[in-house]
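Letters A, B, C, D and E mark the chains as written, and numbering starts fresh at 1 in each.
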Amino acid sequence: MVLGKVVGTVWATRKDEELVGMKFQIVKHVGLDYKLKDTFVVAVDTVQAGVGDVVLVTSGSSARQTTVTRNKPVDAVIVAVVDKLDVVD
Amino acid sequence: MVLGKVVGTVWATRKDEELVGMKFQIVKHVGLDYKLKDTFVVAVDTVQAGVGDVVLVTSGSSARQTTVTRNKPVDAVIVAVVDKLDVVD
Amino acid sequence: MVLGKVVGTVWATRKDEELVGMKFQIVKHVGLDYKLKDTFVVAVDTVQAGVGDVVLVTSGSSARQTTVTRNKPVDAVIVAVVDKLDVVD
Amino acid sequence: MVLGKVVGTVWATRKDEELVGMKFQIVKHVGLDYKLKDTFVVAVDTVQAGVGDVVLVTSGSSARQTTVTRNKPVDAVIVAVVDKLDVVD
Amino acid sequence: MVLGKVVGTVWATRKDEELVGMKFQIVKHVGLDYKLKDTFVVAVDTVQAGVGDVVLVTSGSSARQTTVTRNKPVDAVIVAVVDKLDVVD
């Protein structure tokens, strides 16, 4: 999984019918210090993550292993809201 | 999913028989400001996206989870046309 | 899919038995101007692509969705020979 | 698989129900000299790896091929603790 | 598939039980001139590749399509030992 921070939402009326009702969050990648990187991914939200939340994003076929995304054309999903990191660097 | 902008079309007569009838769009990656990046992907269109449209592209095995692409040798598909982004950076 | 140009062939006598009889083409990535990049991938050919041809390469599990590559340990396959690109940049 | 070193743990109360009970380790990528790189991945631990351990991480759908992660929305898993590398460079 | 050169072996006693008996080779990526790059992958060997051999590595779910790796948590496998490259650059 990768670590990111929700910074916004994508609005899309015209989309694959399998995606209707899903929330597409914009997740910027962050470092272990929560500092934003320049890269981002658009991920379906399954844990009610809001803007500002630090989250874990699962990608690829594993992104379809949730109740919301099963068999859907989705390749990134927010699977957890991070409380904190314990890092011994 | 990644964010991109349709900038053109690929024409290919000789191709795998499973791909006949599909439309291959050239999608340049864009940032949250819709500015074009140098990288691009060729994606099958399932939502009638046209040149200039900002879109979401699903990759990998998830790209085969649409009616058009199921069981096809396709690893990227346009799944939505973006209306707008709400970004709180 | 990614865009590339066939620049050569890999010869390998000792290989997984599932790969016997396949043709392994060396495909350098190209830009929309067909200019060669430094990176490349080795892909199984299913459309009789020859050296100099600009092609589309499908990667990952989708590379196994052709008659030639089904259930084989192959992660990249040439699925089309490109005639031309229409690009409105 | 990629080589990494466990440098910490992610704590997340709110998460997909399929992930309850899993341990999420922060794994920084390392070179063959075990020197830490800047990049990292969050991986589920299945071999009781602890902070400081050099490990192998399996990604993608293959990350779901363990008893702990089968059918779960997990895309990275620690599959081995490395004793040593024999490198002839 | 990617092109690499076997430069060593990973030793790991503590590992997922599905991996017992597999040989983990360290494969540095190489260019078409066989020059070593800085990046590497750890791949399961199925073709008795030895140190110094130039090989093809298959990644992702396709890495599980060999007799040795089927249904195993393995995301990279050596599928061929390269005899030579014919390159017309």
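One rule holds in what follows: a residue touches a chain if its C-beta (ideal position, glycine included) is under 8 Å from a C-beta of that chain, and two chains touch if they have at least 3 such contacts.
Every value quoted in this text rests on a predicted model; they were computed, and no experiment measured them.
Peer 1: Do the two copies chain B and chain C share over half of their interface residue numbers, or under half; same or different?
Peer 2: Different residues, largely: of all residue numbers at this interface, under half are found in both copies.
Peer 1: Could you please state the distance in Å, as a whole number, between where the Cα atoms of chain A are centred and where those of chain E are centred?
Peer 2: Going by mean C-alpha positions, chain A sits 31 Å from chain E.
Peer 1: So the centre of each chain is just the mean of its C-alpha atoms; given that, what is the distance between chain A and chain D in Å?
Peer 2: Comparing mean C-alpha positions, chain D is 19 Å from chain A.
Peer 1: Can you list every residue of chain E that touches 2 or more other chains, as numbers and ranges?
Peer 2: 60-61, 63-64
Peer 1: Quick one: ring order starting at chain A, direction chain B?
Peer 2: In ring order from chain A, with chain B immediately after, the list is A, B, C, E, D.
Peer 1: Would you mind writing out the residues of chain A in touch with chain D in their complex?
Peer 2: Counting only chain A, the residues touching chain D are 1-3, 31-32, 46-48, 56, 58-66, 77, 79-89.
Peer 1: If you look only at chain B, which of its residues touch chain C in the complex?
Peer 2: Residues 7-16, 18-19, 24, 26, 36, 38, 40-43, 51-52, 60-61, 63-64, 71-76 of chain B touch chain C in their complex.
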